[in-house]
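Read through the structures below before going on.
Look for subunit A in each of the two complexes below; its partner is subunit B in the first and subunit C in the second.
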Partner chain A sequence: MEDMKDILLEYVIEEYLEDEDEEITYDTPLISGGIVDSFSMVSLKRFVENKYKISIPDDKATPEAFDTVESIVELVKKYIN
Partner chain B sequence: MAFSEKIRNIYKEELKGIEEAGIFKKERYIHSPQAADIEVEFPKGSSLKKVINMCANNYLGLSSHPEVIKAAHEGLDSRGYGMSSVRFICGTQDIHNELERKVTEFLGTEDTILFPSCMDANAGVFEAVLGKEDVMISDRLVHASIIDGIRLASAEHDTFKHSNMKHLEKKLQLHSDKCRRVVITDGVFSMDGDTAKLDEMVALCEKYDAMLFVDDSHASGFIGKTGRGTHEKCGVVGKIDIITTTFGKALGGASGGCVSGRKEIVEMCRQKARPYLFSNTIAPVVVAGVMKVFDILSASTERRDKLEANSTYWRKGLEDAGFVLQPGDTPIVPIMLFNAKLSQDISNDLYEKGIYAIGFFFPVVAKGQARIRTQISAGHEKHHLDKALGVFIEVGKKYDILGKTKQEIIEMYGL
Partner chain C sequence: MSNMGYYEDRVRNFDWSIAENELEYKDGDVINIGWYCTDRICEIGKADKMALIWEGHGDMQKTYTFDELRIATNTIGAFLREIGIENGDRVCLFMDKIPELYIGFLGALKIGAIAQPLFSAFGDESLHVRLDNAETKAIITQKGHVSKVRKILDQMPYVKHIIIVDYDGRKPLREREIAFSMDKAERVENLEIFPSKAETPSVLHYTSGTTGQPKGVKHVHYSIISQYLTTKWVLDLLDDDIYWCTADPGWVTGTSYGIIGPWSLGATQCVLDTGFSAESWYKFIEKHRVTVWYSAPTAIRSLMRAGDEVVKQHDLSSLRHLASVGEPLNAEAVIWSEKVFGKPFQDNYWQTETGSIMISNYPGMKVKPGSMGKPFPGITATVLNPKTYEPWEESGKIGLIAFKPGWPAMLRTYWRNEQTFKTKFKNGWYISGDRARIDKDGYFWFVGRDDDVINTGGHLVSPFEVESALLEHEAVAESAVVAKPDEINMEVVKAFVHLNPGYEASPELELKIMNFIRKKLSPLAMPQEIEYVDSLPKTRSGKIMRRLLHAKEWGEEIGDTSTLEDDE
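Then we have the complex of A and B:
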């Protein structure tokens, strides 16, 4: 799943970070850390759904589940199978 | 009794959590009309303190203008106090229609519809004019009321990085399959005081067949050469499809707002916008006051010119003193402190010395972006600004932040 981690990390950097922002890693808190606001999280959800051809129910797409690249990978894995 | 101890305790815990997070809001009671000089009771029960107000949205100093007050009195006498009805039953007076016409003329749009507030305008407009086959693409720093309006609408939504036109273009390409696209932005962003790049946004919207929505609440009346707003400053009057704005800030500061723009959009709001349909509109007394505001602004640019001069003077004074400011050229001048506690401590010290300016920190602004937001008014005289500047410098010296860079302040106080 390293591949998925890297794909997600790259997407988060491209979609949410400004040039002057510090680097992030797989376990950087995205939402609780103020990098991704919960309102903008929607594009992240749509990205993983389209990329991995899955559908994540809204009640499972919580700010906690989307808080780090690692937790998103865990969530996506559940729905791939 | 349905409000059991168990329920009460749940609320108590929740409120305790808000207090512990340091975001519990306390009101300060002002015992005077809104103006540059005000008398404040804070904390509750304490004796009144005379302070200079540096945090009101009273940009043009019209909140307590004698001509506006006189017009409001006349409106009260001639049209009564309340309407006791929503607009489409028996809650529309001739003056409501007249105000809508004045706003249309002032903003250079096709038509206008009044709402009880701009919060209501933003909450109602998207649901009324878009369906699930459409998409709303908003700047990430838009006002909370727009976020609420987006949440209430059935159209898909997406966001773009703040004022990042390349990112916006990508999003417009990504959503090219949607029926209607609407790009959503503030004209002037309330926390940073920066201005949207409306000229570039208009060009992108024309290229990708998208509508453009602008909330100009922090601009109407004073941004642009004749104060029409951000669209005037950017040279795109007549090219914004939907403008929302408020009468609760520069335009008299009482209450009320509107949607102004393409006539079909306005008509859709009249037919479908829920805050318009299910709430009384602006009270006659306020309508009369706002109409006088437009008369004052149409007769002369004196007040917006004074505001511009005051804002430049204030910004230069702070810059020369060595504060770190958020760049911009509007009357919103944020003094960057980065650390939340520092912003609160400095705000408290300023108040002690007679200057009323509020500190903002996460979650109102991004983490590590704590600041004191100052807002300049045409109601400020030079002596107000000089006194405030003196106090800011005194407090800045106390905390040793003058002449320090962002990095140095963060090293001293942390994030």
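Then we have the complex of A and C:
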């Protein structure tokens, strides 16, 4: 799962982080921290679905579930299995 | 009794001089919004009253009394003047909801500059087209957003200054960049306020329309007359209220009712500059004992989705009045808010162009869940027969929402686009572009847009702007963009895409195209779904028939297809 965390973290840095000096970790709040807004969350969801060949129901893709890399990994794990 | 009192009495006895008298303004006087929102409040004895309680990421908090707000706006105003900003120059505010955004807005107005707030999530192309139209002279921004400005700077010779309010010295400043720290700048106790008059331009807000080119809606200092009175009567602000407007000042609600309205009344307001979560919002209301809450249907529906349990975990008993704007508030959300908060969210309707609330539910007036309410006193509103531009005589008929021009906050023109401005008026009415019906009791009921513009989460997105941007992606040969229904945002952007030879439809390509638009335009404009098609429906003259795709998405009748290039 470390791999998944790193992949996700790298993707978030690459795609959503505007401030190149800002450092984020696995538990940095993404949605509540204003790094990923609710509209952009759709693209982040699409990324994990494509990457891990899963489908996350819309009612499970909540701002809370997508708030940190850690919480996204937890969510993805449920659907991989 | 509310500030409004009895609606019918107000309608009968209305005159905008009510607001003029309360603000001690007489025709021909100097009227400067920046001064009214700060200096005047201090002069009437509220200098020590709290003006702003701000919270950011990581529990950061800042507070400003009205006197501190007065000095801070003087300070940034003096700084702008010192670097050469003159009255009439456009100053763009491109920031998150940090105190400098609010202070910079009023500081620019104090020196007679035109404030041009832009949503900080805009991508470089959205930013460029708006700065280009306004020929903006200075941009006030943060280091987190400056990279987008740098990307387009070469194309903007008119931009003379990029002011970074949180520069930390870690990397050198680049061409045209200046650091300005509100905390370190020398306080300016007295500033010569620009003697603006009623028709002096104040704010330039951009809105999307039926063309690819966004329109700069020009407002004037006299708009404060409408904004003051609608805040007082619709939002019902009292002297001891704690007010929270959740809107971003990158959009008009965030300036008309997140800056001008409440501060011209001397009200205390709170700002939460973090992303959305039900828990953090309720915590914020509980912590600051918010009494009046002005939000948007998208947020309310997101709170509904988060459930009732999280509401019960917080003491929200301070709330006494709730209002909503942005898109129609569905009846379920009104009923839900009554159930969980003990009071309904009261919907109201207005636009960037109107500058202030036009149709609303009012404290003390019967709420019909799902209705926009009734026209604000002094506003003549109707629905017009779309063929004759005459008001429908019978109730229940669907028509174009229209207003008799002349209210104080009405737009004065579209910046450098007088021709489009003129098309907004027909038969002596201002045409809103939205459709509604009026019931027999005089309540307005929203029906939808009268054009292809997409209302997503209360923000307008031009399908033409998205289509143009899509064509810049190497894989896209042709596209059509329409609204798709969405439970939370009412509508979201959907794109139908025909690919260039050599590109294969795949989920990975879909994500690449989505991100391309998100970065170029904004997250709001990003298609939430892309459907690959072999061809797009067109008229025989080659025009894409967007309405067919729209009808398909909404499960509506397709209607006349006799002009289709290919009916099969």
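Methods note: the second predicted complex is superposed on the first by the 78 of 81 C-alpha atoms of A that agree within 3 Å, B and C clash if a C-alpha of one lies under 4 Å from a C-alpha of the other, contacts with A are read in each partner's own complex, and residues count from 1 in each chain.
The criterion applied here is as follows: a residue touches a chain if its C-beta (ideal position, glycine included) is under 8 Å from a C-beta of that chain, and two chains touch if they have at least 3 such contacts.
Since the structure is predicted, the reported quantities are computational estimates derived from the model, not experimental observations.
Contact with subunit C, but none with subunit B, is seen for A:67 once the two complexes are overlaid on the shared chain. Residue contacts after overlaying the shared chain place A:42 against subunit B and subunit C alike. Looking at the shared chain after the overlay, A:33 reaches both subunit B and subunit C. In the superposed model, A:18 makes contact with both subunit B and subunit C.
In the superposed model, A:50 makes contact with subunit C only, not with subunit B.
More subunit A residues lie in contact with C than with the other chain of the pair subunit B and subunit C.
With both structures placed on the common chain, the touch criterion links A:80 to neither subunit B nor subunit C. Judged by the document's definition of touching, subunit A residues 18, 33-34, 37, 39-40, 42-43, 46 lie at the interface with subunit B and also at the interface with subunit C.
Every residue of subunit C that touches subunit A in the complex is listed here, in rising order: 57, 96, 121, 143-145, 147-148, 168, 170-171, 273-277, 279-280, 302, 305-306, 456-457, 489, 507-508, 510-511, 514-515, 518, 523-524, 526, 528. Touching subunit A in their complex are the following residues of subunit B: 140, 147, 150, 157-159, 161, 362-363, 366-368. Note for the complex: subunit A touches subunit B at residues 16, 18, 33-34, 37, 39-40, 42-43, 46. Residue ranges of subunit A in contact with subunit C, taken from their complex: 15, 18-22, 29-40, 42-43, 46-47, 49-50, 59, 62-64, 67.
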